[in-house]
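Scroll down for the structure; my scribbles are underneath it.
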């Protein structure tokens, strides 16, 4: 596997490489422009033909979206996570549909839940799990699902349920606060 | 003969009760094969009562309302034309010289009414079902006609009473033993007619929700339900008359129809269903070929 | 044609002749769920302490703590109310319950026609699931989300200890402390035990997260002598710890000690920025824990504070009374240094006289007296004025001041409190064969269990049910303690049995010294006669209200002088209260007229 | 005479979400030409509960009641996957016996899912007796679960650090008893279902998969193995104690629904065999290592992808942590996502409408895991 | 052309029967409950065991049907996603009166574990009337059967009038429904 990484490094610019906490997992970060080339190289030359998942992580504090492409090679028995960062203010990227046909549905999901659009994916604007959704894409970190739920769907018991015992105790014990 | 009408009414009610009871027994037996206890045998009566007083808040075309009536009419027609007890003045019903032809007509009539109603209900799934039902009907009608026409030719009569009369005189005079291949073809066609598995693609709840009665509910469904029960009993009686030598008293009629009923139950619980074209192909090969053996034998004779 | 395939399925008919395996519920029989089934909750309402851990771990916010009785120490008075419209039957609450009171039965049927019915307080509301308490999902000793075992504290070996005054308890290493702090579930019940209301869960959390500085600053919010507390506190918080119900409580004291020990120079790390002086002056008599606390926090609030202390060092009883193997001098110095660094003036070796006190009353805007209990209590028996009978408090003071104390070979210490044990252990370290004579049984001893254990480790015998009768001269310059045996009599309506002398029997100890450690009393000779007569007393202590106000205008009092618990943390709490009281008084929010 | 265009001949039809033949709630927009399908469009979202969002606002331990509900019928796979991901990220070693118990639970879970699936595929074709038998017999496995874990469907039994409770007394014998019972029943199932002439006729040659699609689309599990691809996560990347068990990967070469059915049929036998092996070789010892305080448990930043062999194939969890006490992101790879979309779209043209729901059940699409 | 919604345009009138007949029919209704086979949530996982051989709900006349027109009972088995709610209301309105709703599990009562999810409904009784609730997550088949027993009792006593309430308070229910469902037009891929 190290050889593979070396070969990759000789061709592409690897921003960060990291070994996973178990043997057969590697995590590579590449530049977003070279992702297609890397995936294509991995697929054609290095037997990473099984795209298990495309995932998105919202790093709101860095104003970035992380896109992770999880690959598996049946021959090498290795998992490889290739990740890129894209700008959160301009959530756009190009599709990998030409390399992996099942990417269509993963990208559609990310488009719906994170609002990242994938240029070249014909079905990405179709509804995936939501219907008539009008708010911001719900998986973004700044979407408050509890607030939304309470406002929209209500609650049988509107009191705040979690009780802070520590506060009760200090209220009870704070003798000098008593009048 | 005004009293005949009263008797006809009694026969209809009796046939309905018997049909519902058979349905209940079928559910019970099925449950036992499944390894469970099952509902009471009177469950179908309760279902019928409930359906009678359910409200209907849907409106469709006229055919939609008429279809259950057609179905019921077809059933009652079959039941009333087929002599239940041979020689009885009451229970031979409206049997007459050419009743076999009329019965055949009534049998198709019921199905057609059903198809019309289903098509009129506007539900795409129930619209899909009549095409299958009619295709399957085309499937089983062929062996059935071969069987019936073969018998008619063999006994030179188109009256059911005549056919029954021809089979009197001991068990070996029954058509089942006289013309075993015709009977087998007829009985296989009966499986198709009862939409027993593996020929149940018309009423396939898993493939198309429910089938023709998808849109039917409440009173309409109860009419359809009782129509089917009466129709079922009528067909049992018909097949009894055709192949099992009819009956000379009520007990015999019960035993023989129950035996036919058991055949259906026996087969229906252990097979998945064929696709439409598979079913049609099946009907047009095995029972037709089997039936033709006797058919040719009759001609040669 | 597949004949076999057509005929074989027909064999399924054999099932019709086997008995059906339907379970005829619910019409014919009921079926009990498995023994471990997670059904509905039951709560032992008396065992429950209302710590709220179940509500904290519930991911559905199905548990709300509701008030069912008034809070008490170690019991918030709240009990979990469970909303079955939220509960997902995961039983995490059962596994996390620190008392094991919350459990699940294996009942599973609950059908209602109204959606509002699915809320109840287990143990209070009856819904019919309570009867089957024995079966269902119960806490298992092997699986516990809580770590019930305390990280053991390293100590000097008993034989090593008695040779010197080296510190016995060695303190946690960093890893040990983190591991111990990790155990805290943060319920906050310990706050109800702590007289000073320290923010215990917060600073323990900070330790667990590796932020010692944050922890230190949280501690310094209401305790200026944390190292002292970390070493010799009576740790009443630990008795309220919810983990103590099934396992060992979190070592709150040792953790505090760990934090302060990390920093040699507290001034750099404690964010103590005194406000500019506001011109008001507060005089304080006695530099014990109460006095120092009041001085420190008043100074932080911008009041000029001055302390008058008779001894050459600050610390009061923590300096004079507590043996150095428990609380070494450098630790004390470190803290006093910090207190002085914020601008508190301490006048050492300057005992207050009545004249001076009167002057103080005029000079200062408020006076806080915290002179503690410097005098030993007498046994009130014949011959007590014998020169070889000394009071434990005097003995300890002399030892701590570095004076040479002759105590001879054999020493008996009369009493069963912490002071008695300090005295007996100090005597042991001075080379005497010391032992304890106590009126009641060991279980009745007011001293800390830990301390009693320590005497065992150090080979100090404890003789119990001994009632001293008189003191006589003994042979060879020794002294005789004549005593009688006592029997324990439990009287109706009394908390614990009292010792009653068995008449007619007399025994004696022949020893070099008799150390009396049965209690202390205040020394109020520095008060002017007029005030002394006027001041309201509560038996032998000064009576104060909840703001530490005495009956004399401008005079506040605190520490052992006013409270019966007589431990350092209560003194600090008094100091804190006095700060609040003095501040309010000086701002005009509080006055003696309104009192 | 007017010629009918293709559009005129086509009928649009919708299947689901409320459809007795389809497992779970999903709907399909199908285009028919006569009885023959020309295209399909899958719609999900009827079971979307926003698990991944909810997990981001709950503590690590609080996520366990959630994860087991992601794939409803097979909850243990989720728990094991998530627990293993957390253990990997936090560096926790679990006791040996816990691993064996986990494997036992996973196999029991696979077994019950296969039993349920038998009922599903046979019931879809109208063989009502099969689901009645298999779901009824599956209940005995659920009884075992109930006894072991305290829950019938949602076990919340596998937690990071081990399993929640040790086996109850005499549990091994009861497991073996149920296994004996099921083994005794298997010939009956064969006679009724797998050797049934109608069953064979309905399934053979239907939904024929091109073996080259398997890698291209990312098809896994029995569907891939029915195409002769010996891919099984249990062998490829052994987790828990699968490397210590003796078994062979089951493959068939038919590439059609019947081959898939036979793979699953043989998996039942394999599961029973594995359960016997596990019971036989299980060591004694602890089942639980102490976690850090679960209420404040923080896991250092990192990311990982772990997977197990669910009944449907590779079930993966992609977990990202950022050093706080809550996960940053948990993304579940629903096994049947490519099955229900890309594969189905390729299989459908030319299929008879009667075979459609059979094909869906045969591919074992499971909507809760697709939409979470 | 405006689509005709039969339910909305012609509001059903209240039924009135004589007491005795009503009792008799109530008895029949209680003994013959046809459940629509629509599992809306994870609760549907326990419905197959309930209707199959181990627990056999058919003993009580409870059987499943595939079409809402014929069904008497709608089981809300757990949480309702917004997308499902739309279909559930549709299914409920397609069912013929008298009709009953059974709510399974915590999610129907107060949102259950998805109380903070943006896509699941918390209080189902705001949108359709529920006759019987069964607690559990998930309720065991035995508990569901107990729920059915309770429903039967309720029907026999003539108290199961959730469907009447729905007709009487249609405006209220409609208002609640419209708060969530903005677009009543069901997409063309299903009804």
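Lettered A, B, C, D and E in written order, each chain numbered from 1.
One rule holds for everything that comes next: a residue touches a chain if its C-beta (ideal position, glycine included) is under 8 Å from a C-beta of that chain, and two chains touch if they have at least 3 such contacts.
These numbers were taken from a predicted model, which means no experiment stands behind them.
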Checklist line | Shortest chain-hopping distance from chain B out to chain D | finding: 1
Note to self: Considering only chains that satisfy the touch condition with chain A, which of them also satisfy it with chain E?
What the structure shows: C, D
Check: Which chain has its Cα centroid closest to the overall Cα centroid?
Finding: D
Next item on the list: Take the average of all CA coordinates in chain A, do the same for chain B, and state the distance between these two points in whole angstrom.
Entry: 61
Margin query: Can you work out the whole-Å distance between the CA centroids of chain C and chain D?
Written below: 55
Margin query: I'd like the Å distance between the centres of chain B and chain C, where a centre is the mean of that chain's Cα atoms.
Written below: 89
Notebook entry, point to check: Distance from the CA centroid of chain D to that of chain E, rounded to the nearest Å?
Noted result: 29
Checklist line | chain D, residues touching no fewer than two other chains | finding: 14, 18-20, 43, 45, 48, 50, 53-54, 57, 65-66, 129, 132-133, 136, 154, 192, 196, 198-199, 201
Check: Where does chain C touch two or more other chains at once, residue-wise?
Finding: 1, 9, 12, 15, 20-22, 24, 33, 56, 59-62, 83, 85-86, 88-89, 115, 186
Check: Which residues of chain A are in contact with two or more other chains?
Finding: 127, 129-131, 138, 143, 145-146, 156-157
Check: Tell me, which pairs of chains are in touch?
Finding: A-C, A-D, A-E, B-C, B-D, B-E, C-D, C-E, D-E
Item checked: chain D residues touching chain B - in the complex, by the definition given at the top -> 11, 13-14, 18-21, 35, 122-129, 132-133, 136, 192, 196, 198-199, 201-202, 352-358
Next item on the list: Using the touch definition up top, name the residues of chain B that touch chain E in the complex.
Entry: 27, 31, 34-39, 43, 46-47, 49-50, 53-59, 205-206, 209-210, 213-218, 221
Checklist line | chain C to chain E touching residues, read off their complex | finding: 20-27, 31, 33, 40, 59-62, 83-89, 108-115, 117-118
Margin query: Under the stated contact criterion, what part of chain D meets chain C in this complex?
Written below: 58-59, 61-66, 129, 133, 136, 143, 146-151, 154, 156, 164-166, 168, 188, 191-193, 195-201, 286-288, 290-296, 298
Next item on the list: Could you pull out which chain E residues touch chain C in their complex?
Entry: 53-56, 59-60, 103, 106, 108-113, 115, 123, 125, 130-137, 139-140, 142-143, 145-147, 149-150, 154
